[in-house]
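Report on the following structure.
Letters are used for the chains, namely A, B, C and D, taken in the order the chains are written, and counting of residues starts over at 1 for each.
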Amino acid sequence: MATKAKIGVLGASGYTGADLVRLLLRHARVEIVLLTADRRAGQEMRDVFPQFSPFPLPKLVAIDGLDWAALGLDLVFCALPHGTTQTVISEVLTRAPATKIVDLSADFRLADPAAYAKWYGHEHYAPEIQKEAVYGLVEVHRREIKKARLVANPGCYTSCAELPLIPLIEEEAIDLDEIVIDAKSGMTGAGRSARESMLFSEVSEGFHAYGVGGHRHMAELDQEFSAAAGRPVVVTFTPHLVPMNRGILSTIYVRGKQGQAPTDLHAILLKYYLNEPFVHVLPFGETPQTRHVRGSNMTFIGVTNDRIEGRAIVISALDNLVKGASGQAVQNMNVMLGLPEDAGLL
Amino acid sequence: MATKAKIGVLGASGYTGADLVRLLLRHARVEIVLLTADRRAGQEMRDVFPQFSPFPLPKLVAIDGLDWAALGLDLVFCALPHGTTQTVISEVLTRAPATKIVDLSADFRLADPAAYAKWYGHEHYAPEIQKEAVYGLVEVHRREIKKARLVANPGCYTSCAELPLIPLIEEEAIDLDEIVIDAKSGMTGAGRSARESMLFSEVSEGFHAYGVGGHRHMAELDQEFSAAAGRPVVVTFTPHLVPMNRGILSTIYVRGKQGQAPTDLHAILLKYYLNEPFVHVLPFGETPQTRHVRGSNMTFIGVTNDRIEGRAIVISALDNLVKGASGQAVQNMNVMLGLPEDAGLL
Amino acid sequence: MATKAKIGVLGASGYTGADLVRLLLRHARVEIVLLTADRRAGQEMRDVFPQFSPFPLPKLVAIDGLDWAALGLDLVFCALPHGTTQTVISEVLTRAPATKIVDLSADFRLADPAAYAKWYGHEHYAPEIQKEAVYGLVEVHRREIKKARLVANPGCYTSCAELPLIPLIEEEAIDLDEIVIDAKSGMTGAGRSARESMLFSEVSEGFHAYGVGGHRHMAELDQEFSAAAGRPVVVTFTPHLVPMNRGILSTIYVRGKQGQAPTDLHAILLKYYLNEPFVHVLPFGETPQTRHVRGSNMTFIGVTNDRIEGRAIVISALDNLVKGASGQAVQNMNVMLGLPEDAGLL
Amino acid sequence: MATKAKIGVLGASGYTGADLVRLLLRHARVEIVLLTADRRAGQEMRDVFPQFSPFPLPKLVAIDGLDWAALGLDLVFCALPHGTTQTVISEVLTRAPATKIVDLSADFRLADPAAYAKWYGHEHYAPEIQKEAVYGLVEVHRREIKKARLVANPGCYTSCAELPLIPLIEEEAIDLDEIVIDAKSGMTGAGRSARESMLFSEVSEGFHAYGVGGHRHMAELDQEFSAAAGRPVVVTFTPHLVPMNRGILSTIYVRGKQGQAPTDLHAILLKYYLNEPFVHVLPFGETPQTRHVRGSNMTFIGVTNDRIEGRAIVISALDNLVKGASGQAVQNMNVMLGLPEDAGLL
């Protein structure tokens, strides 16, 4: 068998980092040779996540002072906070031009520097790299990802909304001015920082919306939907927090265009995803549940009639930590390194 | 002090019945003299719900054979399953015409016999009584409820959607053909019957929609919204199940009519509910959470801008077991018996 | 009616403070005239806990600079962090000697300065006040509490273990050297500070022990059990965290002494708590659940046979935020102010 | 590569059956050729568990009328209810003597017919087969399992208690008359039958003991501990239900014998499990959490000092659906078929 690809994970002590490590350990074609976690440098992965106790893993180290050229990594996953990311990736690509990168932050998802500045409140720190970054929704941008050196893994909410909507928009099957996305996410979507609003006692036995009218993932949706439509598209999007760990479910309300019935929309999705291993379109009228995709890299999509003629309800579900983050990232890695796309993901 | 009103609760062994008993025990102006539970007849309430151990309560009895005239009840709460309800209420009103009834089932909510037959699959068993029933959303129908002998307590989903929408519809402030109600409910909304789909292991750590495109509460929404509008109104409504016990949150997407901005909608609601003790309109831009109303009879309503000009997002939250069931029922009782409307509910 | 007692709550923005406010609002004989919350000074209580929106409450203020004499409070609840408490209480008692205090921290629970220093790592800052503090387990120390100026509200774990065990120890009915207390608590027991280990994603869908072999509540247990026995008693005590909000359940393993059977232990408890409004001993062989006492000030106790002859399993349950904190505190207040002991607690 | 072993799963529509299918799908050396589910016969596995949609699987069939000889299965997993199991297994072994069986019910765990009759209320229906059944705790009975035709997969509670205790008992390191096992399990341990006590609304936000003083798993514990000790051993065992899906944690209280300190007990366990892939003994003083073993076939064991001299607290954790059921079953299969013991389990 071929030698294993040498992989690094930057930011291994967060939920996304840990889920990446979990997936990579099951992947026969790669080897984890670098794990960083600045606040935990010097510790073992098992000190942070005891579930890794049975597995041999490199010790956690700090990013500063790493010799990227000497490390000779084939690919680096970057699961660092916003901002830091731009500097680190700039450094890696300069020192080790042959190393590829899958970035799980939001830093390189927006191609337009103006959009970035608007949503993130400052100029981009690495605008020249921003240009070469490819948006990593494999089912839509597979061809560009194959050749990319830097791939920006999409947000979890956005993947869950883009996978059902982009085919419908590309086919001009729905009214672009009346799209409502009501999204619900488990708690891990919000990361591992210790904020009061994320305490068990604040979250369990409750449900609420947040970021109503202004969530950063909207910028990604605008970018991808507008690209698919060939003209500016703005959608209504409301995220909510569900008292569970994993899973996103999006309930999407659309109106068929020019006589397109819900069954027509279903047919478009069925065809688009016929050969995709990680998107499953349910029989017409069935709707997915987050638990059907828990722990897997699958996205389930269902289409049903609304009782108002001409309108359809499209529901999509994925695991925000897998297809919405680490699984998608491994899928990107597989495409970038020329490995079978589903390696380590079944 | 006046003598206490004599109260009966039919169907005391379900969640709604138990929550009624909990509220009535704290109510200084009433006395529970009858508790029925056919499958538990002969047992004490504490055998079914140990939390009632410290309180003296009448033993559970079967409904059959009760002498309604002799009982001389001032008011009966009927928390029985659909169907049975019609027969029992017919019997009570015939034998004890002075006894008033608050029915918590769906049996008398629809005024139109044809609508009833369509959504419930059979002719109504007590059509003559159906005519006199009053729809028990106090904030909207207070005047009729005062004089009613039979009040149909509204559904939990419908209360949560009607309270924010009826004022906006009455004021002709929103587009009637583009209302989307995305509703999320805790598990107790689904009752206490032992179905596989309601097991902890099926429900926890998951989220899903159900009854997409066809849920019976739609019939109530149609009736009340059409009455408010003076013409037929059909809305899009999708219920979801949240892995928590109590609480409903409705995210409602509307378009202002004739230049009505979200702030105008907010002003209409603020004015409508200014003196209502159980509906609280939050400052513009704030959104409610289910935990803010947990265990109380309050409904919280928030209005925010959508980022699409001319559209607003209205979010309402209530406790499905209280304002969505037993609290609303006690509020109806207070109005029907001429007691202070908030007695026992603070 | 008598005038209302004037009450202050120090530390109103924590869970315990909020639960105190909730109970005091329902209490007909008291009036909240002071709420402090240093980090939230200047805000309204509703800004911190929107569920209080419908109620008029004093604005949150900082503690520094309050004129305790001028405030003329009848009683102050102190729900402040460990350490700070000693200084603040010292100040209040000096400036306003007529003001009584119920302290919900651990600062005044240990009568022995040496024990305090051992478990908390430093000398007590107010040793002269420590002497006059009374341990506020009403069912055991009611007489002293009546006359006390400063009452130390017991810990939640300790109340749950002391209520079943103290009568058995006082009656010399169990072997003192073989008591095992396996305790399980909901998350609110751990307070509202934003620590990673208390995030929803770290806590939900999991269960674990903590503080094994060394939890501060042990010091309280030692003190109270030794006092009841008239000789030093050391028990085995292991706390665990349950993925739920409220509730503590203690499973206690004991061996009957000198032929005492489990039914004898049950009889002792039944007699001891016969007239207590807030302790309910279940019929022999029945065991309590946390949900039976949720939201109430009750403690439920059950006694069953172990299958090993001579040994019994005693299980107790209470709501850690009510009988384990704020409800117990209000009960103490009622006793101290000469109000009916159950006022505001039913 | 060798041909794949042909596997059947009887009772595939329960939680255990589904988890077996999940594991077998990842196992490179086996092929699922038979899935039975009497109530679901004729349906696809995906109709019962939509998460299997992406995988090709045989249709669900009824057990009655299967031609066991013609099927030529290498091994059958039997995940059927108690009672039925005995008849079915008797039939399989008669018709297809070369087919091996791993039984996940309790029917063949007790070697003593008298013990079986006592705990299950009737004589065993297949006593001659009962004799040849081997108790399937691989770490203890590996040698017999290798040669067995019928292996009785242990109960989840019992595995979690036996793995830490059997080595200590075999080494005569602990007092046999003072063992207390306080066990806590997630809800899937109780199966998928629709009982009121297992509804989300009955279970979530609550905690309680059950089967206090008399749970059937005690019979297994008696058998295995007595065998290890060479004399009758009876332990105290109390199971509790935790509001989570998966995981068992046992807090075990023991007294060292003849001067054995907690560190000595730790050393015994460390040595016993040194080369076991699925039992991990944590460093002394560390304690496991259920989430560390979630979804894996691992058992984590921790040993700490009790603060009472001479006593130790041993805590073990496993996933009740994996090491406590399907993972253990696959491990047994691997041993019985001569495959690598960890195949499909990493």
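To be clear about the criterion, contacts are C-beta pairs under 8 Å (C-beta built on N, C-alpha and C of every residue); 3 or more make two chains touch, one makes a residue touch a chain.
Predicted model, so just to flag it, every value in this text is computed and none were measured.
**Q** Quick check: more C-beta contact pairs at B-D or at B-C?
**A** Between the two chain pairs, B-D has more contacting C-beta pairs.
**Q** Measuring between Cα centroids, what's the chain most distant from chain B?
**A** The chain farthest from chain B, judged by C-alpha centres, is D.
**Q** Using mean C-alpha positions as chain centres, tell me how far chain A is from chain B in Å, no decimals.
**A** That gives a centre separation of 40 Å.
**Q** How far is the middle of chain B from the middle of chain D, if each middle is the mean of its Cα atoms, in Å?
**A** So the centroids are 46 Å from each other.
**Q** What whole-Å value do you get for the distance between chain B and chain C if each is reduced to the mean of its CA atoms?
**A** Each chain reduced to its C-alpha mean, chain B and chain C end up 37 Å apart.
**Q** So which bits of chain C are touching at least two other chains?
**A** Correct list: 202, 204-205, 243-245, 288-289, 291, 294.
**Q** Tell me, which parts of chain B touch chain D in their complex?
**A** 15, 187-188, 192, 194-196, 198-205, 243-245
**Q** In the complex of these two chains, what residues of chain B are touching chain A?
**A** 178, 180, 182, 184, 186, 202, 204-210, 212-214, 218, 234-236, 238, 240, 242-247, 249, 251, 253, 287-291, 294, 304-308, 311, 313, 315, 317
**Q** Touching residues of chain B toward chain C in the complex: what are they?
**A** 26, 49-51, 53-54, 204-205, 277, 280, 282, 288-289, 291-296, 298, 300, 346
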